[in-house]
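Each structure below appears as structure tokens.
In the two complexes that follow, chain A is the common piece, with chain B as its partner first and chain C second.
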Partner chain A sequence: MPTAAPTKKRQWAPLRLRRRPRTGANAQAFAAYVFSSGYVLLLLVFGVLPMVYALYLSFTKSGQFVGLDNYVKAVGDFRFLPAVQHVAAFLVIWVVTLTVLATLLALIVHAMRVRWLSSTARFLFFIPGAFAGAASVMLWLFLLNPSVSPVSFVLKWFGYTNFVQAIDLNNLPLIFTVIAFWTGAGAWIIIMYAALHNISNEIMEAARCDGASAIKTAWYIQLPLIRKWIAYMVVISVAVGTQLFAEPKILAQASRNQIPKHYSLNQLAYVTAFGPQADFNSSAAISMMLLVVAAGLAAFFVFRGGLFDRD
Partner chain B sequence: MTATRRSVVRSDFAPGRWLGRVTAFLIAGFFAVFFVLPLVWLLLAPTKDTAQLNGFHGEASLSFGSFEQLVANWNELVGFQDGRIWTWLGNSVFYAGVALVLTLLVSIPAGYALAKTNFRFRRAILISTLMVMLIPNTALVLPVFLEINAVHLVGSPLAVILPFAFFPFGVYLAYIYFSTSVSRELLDAARIDGAGEFAVFRRIALPLAIPVVALVGFFNFVTNWNNYFLPFVMLPGSKTQPIQVGLVELLANVREINPTTVASDSIPFPQLALATLISVAPVLIVFLFSQRFLVAGLTAGATKE
Partner chain C sequence: MSLHERSAPRRLMGVSAAAACIALVAAACGNNPSTSSPSGTPGSAGSGTPTSGPTGSAGSSTGTYGFPTVAQDPTAKITVWVDADRSAIAEAFQKDHPECPLSIETYDASAGGSDTFHTKISLLDQAGSGWPDVAWSGQVNDASWAAHEQNGVQAFAAPLDQGVVPQSWLDGYTPGALDPVTVDGHVYGARDNLAPVVLWYNKTLFDKFGYTVPTTWEEYQALGDKVAAEHPGYILGSIGDPFTAVLTDMWAAQAPIYTVDGTTFTSDFSDNHTTRMIALLDHMFANKTLTIDGLFTPDWVSKWKGKVLAIPGPTWFTGALFQNKDNLGGQPGEWGAGHALHWAGEPIGTGNVGGGFWYGSSHSANLACVGTYLQYVTSGPQSVKLITGLPAYASTASAWLDAQTSSGFWANSDTFKDVVDEAANNIWKGWGATLPFSAEPPWAEIVNPALASGKTIASQVSAWQQRMVNDAQVNGFTVVTK
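Our next item is the complex of A and B:
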């Protein structure tokens, strides 16, 4: 760094001070308002306001306050309970599978002594993340189709000879789990790996000297030390899982409507607003219920999780 | 040190341990195949015609067809509704690109302000950012739609670009970066030298923040490029859709799925596979070449110093 520049600036400093009366903490606070203003505007318009507006819609009908009517109507809809059951079945299978397998794979990858092997494994687990969204579902349409699938023998073991059999309504929670795991597990494995990597070497060394086996070390030392991150994974996965939309939507389209268009709650909210009913108020009521679950999980984590207390 | 460790390793040499290790490798190997096999299949599928893909003449499902067939599939896919796929790709680039610029313009300064200044609404902004960050994108899609609908912006590019540009995770990443990697003393030194607040940010903080700018940019681009639900709801016309929504529209033109498809518009499976590959190509490239960046972002919270 050349030293000339600062001296030059020093000459200008008094001038600036005179021109601008704001100094020190005041100037900083003023700048902070300017710096954060653009983001805060977006936060209000696309974070806070939509929630408030949906809340308003869910308690009104044509601008009149109607209490819980929209909620009663939404819950009373014959499609509501099945949608809840579908999402719940998926959530249970998905969260258990993800938690067990992602943690196990992270432990295994972390225990690999050969460096390139460990990094290659993490890389391979992670690439499918690029397909998050519609593309992964499209790809799995092929994989679940016995006539083109590279694993058609697996499908045939289960007795499926065509696509429509393979995507039977009862198989969907499992299928969505496989798709979600294929796309999303890699990122979680990397996060768990990083958390494991953060455990101090002395602790691991001590366990090794005491002759603890890999399984005992994992169970008594590693898992308790990364439990916050496991909890984080569970909470986020529950929050994301409740929002199920693209997977059943695309599969429904591919199945010639063997799968209903209101399979999940988010789909139900969508067809309530866009279908023949065009009932934005009931749709908002369903959205609010989903949002309360997601916000509740998020709040629990922000205030109790202990992962974000940098402040 | 190495000597003791070696002796410890040697004492590990027990049948039970070996069994454990082999099991662990088998599990890791099985999942490596599980994650990679679909990708390999997808890379090979566009090089075949429908008969080859179905293995009517005994072709293995993981075999390579021919380059000629790949070119033929590509030409036919591009020919679908006069190059509609280019329109969709162009839309994706436009929406994700403009949103990326806006995201960087608003979230980097915001992260900086939150990390380095005490101001009145700092805590409120920080907590709401964390909250919205942890709420899945999809939970807000219908509420945002209802709002956009109320101001009659449905169908406008702004209806996707502006929500795309609202990226709390980016603000969180910038906030963490500025709080841990840029020292307050450095900024104060510049202030003593007479730099104003905006000069401090532009000349001192911003040059130091290049890594986090790239990180926020990557994550924002990947998230928005792959977003399906929001553009699907906001943009009803086929010509304004991004590629992810267009991809699902192609599905409606697959004869095996929708027998009523007009023959001229019909999309065979190999072309659908090619379209799937193309639809994620930019993100896949980002993943392949910037893996380190993405990993750094994912683990931003996990590795606390």
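Our next item is the complex of A and C:
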């Protein structure tokens, strides 16, 4: 029991110094509450409250409790299954690509010895992130249209001679992934880079002394040490990906409705509430299902990634 | 961090924030009459403001207009929702009718399925207040929801024919113009413009090639064969947009693929009007006299400017295509309007592409001014000048057509008025223009991509029909397919 003694000692130490640190801790805790209160308040008003309201709506119709009726109706809608498939396809492609590429690029940038090269690369990765989501879709509308695109030759390699072919329904998960990666990955690369930077030099040095190659170092040392960050990236990306909305909506309008208005689940919920059916209850049911799935996936990655573990 | 993270929640926040703002702003305006009415009603009667329409029942909640109303106040400010194109006429009303205080709010009311009108009203229905007094919509089928109680809230659109406007005034509309807003015998909207389909032709090219302008679909197809053989590279229209393919061609062919009777939706793809038109379109697409480029795409202008021999299309093509330098453009005397195409031996029953409506709110506290406004914008002194497209009100339309004829722009000034008038009075009534779901998406989602990948329309018929059937079922219709 070599560890028991020190633990005991540590327990005693704070007891003796109780008064002074506690005032400090209290002040710190108070500041923490102040800082987080704004967020918590907004979260309650714009996040939790609407969620509770949606939960209520999803089990009622005109104020009457109707059990799972709204859920049955929503799932039975001919637009539901395709929307699930669309979002799932996008999610898988996007999360996998993002995780692999963002981490890989961060490792490469981190491994760069030339300082200006490394900072230039980081800067370049980050630039597209300056575009707002909707604005970047507008830009991609041009890039994807063979008759106006500056890179139309690339589209022609794939056999696309007009816009209608380029934005074929089957291409969309990939297109949305490219757009999302282009605008979003830069920021993740920077975060992963920072995480890599956080690994203590001694460990890296030790690895080098032991003759570990860059790949081995990455695989056995760097990746395990930034596991939490990767999990965090996946959690956020999954949450964000399930809410796919603005991109297909803009593409639907730009393509003169070639892309259905109910392409993604979020769009379907929107159309159900504000389309001809004006069915807020089924819409709420779709939202609740989306929430449960997204929360489930998030929980999975949080626990698998050890996001809440203490070091 | 990623684009979704930013855009999706922000969008939702935007929507709710916008809704909250509208609710707040409109509630602030809307509250004025109700708070002032108890004290203001006797005062306003004493002030002797001359108001048109049956007012004076302030405080009562039913009767005068044929539906339950809030307390009326003829001096209350009315809020109107307009799109950018309609703000000019709203401002003209403000000047000409100072007795009706007006607040103009611009919003996205465009056609093309943005559904903003419905979205906003649904939110206000949930909020229970904040409705505008008058709203413009660029869509034709809004009465399908606006004329009905929605989630337990009184129908947004006020029936107009029981006192909001005089019946004698409604009688001045072009026959059939109010059909899309007539529900259970009552009129729920005031139509702004009509968009009947005629055959637009380039007279300069027709003279050059020595062709005669077709009047039947058969002649149109035969001309296509001739053009393909003698002048390849010239076209007779486009099927790249659902509004040209479906609302122009299928509707004007009187194809019963999208019809409604009560709560029964019927889609008949075996009728010979349907099969003949599909065969015609496939034939002319194959010989390249029809293009798949949409009329408002970069390709259209770059490929086809000066190459369009003729194109069937609605009356708003005048401003959008022929008098628009950024589209086809055209010199005075170059373009003319030919008779709406019809099948040989059958009467004309043409298509219609759009034509917006004004709706009065059943929640308005000043229906007298609402009535005055609706009449002014569709048939008032400024309407001829400010309505874009062919006005729906007969006298306004006549003046508008006279102005078009005397402008000297049209190649057939002598027959222009008759041709357009003929089409306006012969829109095929079989089309389900009042259905709550659009006929356009199935074409855009299924047929158009198929055409782009080299398939025929005929090969997509079952998928096309199924897509409409799905829509009909989701919206609670009994479906009949043939």
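To be clear about the criterion, the second predicted complex is superposed on the first by the 250 of 311 C-alpha atoms of A that agree within 3 Å, B and C clash if a C-alpha of one lies under 4 Å from a C-alpha of the other, contacts with A are read in each partner's own complex, and residues count from 1 in each chain.
What we mean here is this: a contact is a pair of C-beta atoms (placed from the backbone, for glycine too) under 8 Å apart; a residue touches a chain by one contact, two chains touch by 3 or more.
Predicted model, so just to flag it, every value in this text is computed and none were measured.
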item	value
Which of chain B and chain C A:280 touches, first, second, both or neither	both
Contacts of A:79 with chain B and chain C, given as first, second, both or neither	second
Partner chain(s) touched by A:180 [first = chain B, second = chain C, both, neither]	second
Partner chain(s) touched by A:126 [first = chain B, second = chain C, both, neither]	first
Which superposed partner A:164 touches (first chain B, second chain C, both, neither)	second
Touched partner set for A:62, first chain B, second chain C, both or neither	second
Greater chain A contact set [chain C / chain B]	B
Chain B versus chain C as contact partner of A:111, first or second or both or neither	first
Partner chain in contact with A:258 - chain B first, chain C second, else both or neither	second
Chain A positions touched by chain B in one structure and by chain C in the second	46, 50, 129, 131-134, 147-148, 187, 191, 236, 239-240, 243, 245-246, 253, 256, 266, 273, 280
Sites on chain C touched by chain A in the complex	1-11, 13, 16, 112-115, 118-119, 122-123, 126, 144-145, 150-152, 241-242, 292-294, 297-299, 302, 436-437, 440-441, 444-445, 448-449, 452-453, 470, 473-475
Residue ranges of chain B touching chain A (in the complex, touch as defined)	8, 16-17, 20, 24, 27-28, 31-32, 34-42, 45, 53-55, 61-62, 105-107, 109-110, 112-114, 117-123, 125-136, 138-147, 149-150, 162-163, 165-166, 168, 171, 176, 179, 193-198, 201, 222, 226-229, 233, 244-245, 247-248, 251-252, 257-258, 269, 272-273, 276, 279-280, 283-284, 286-288, 291, 294-295, 298-299, 301-304
Interface residues, chain A side, partner chain B - complex	6, 9-10, 12-13, 16, 20, 25, 27-36, 38-43, 45-51, 53-54, 57, 101, 104-105, 108-109, 111-112, 121-135, 138-143, 147-152, 182, 186-187, 190-191, 194-195, 197-198, 208-209, 213-215, 229, 235-236, 239-240, 242-243, 245-246, 249-250, 253-254, 256, 266, 269-270, 273, 280, 283-284, 287, 290-291, 294-295, 297-299, 301-302, 307-308, 310-311
Complex contacts: residues of chain A adjacent to chain C	46, 50, 62, 77-79, 98, 129, 131-134, 136, 145, 147-148, 162-165, 168-169, 179-180, 183-185, 187-188, 191, 236-237, 239-241, 243-247, 253, 255-261, 266, 273-278, 280
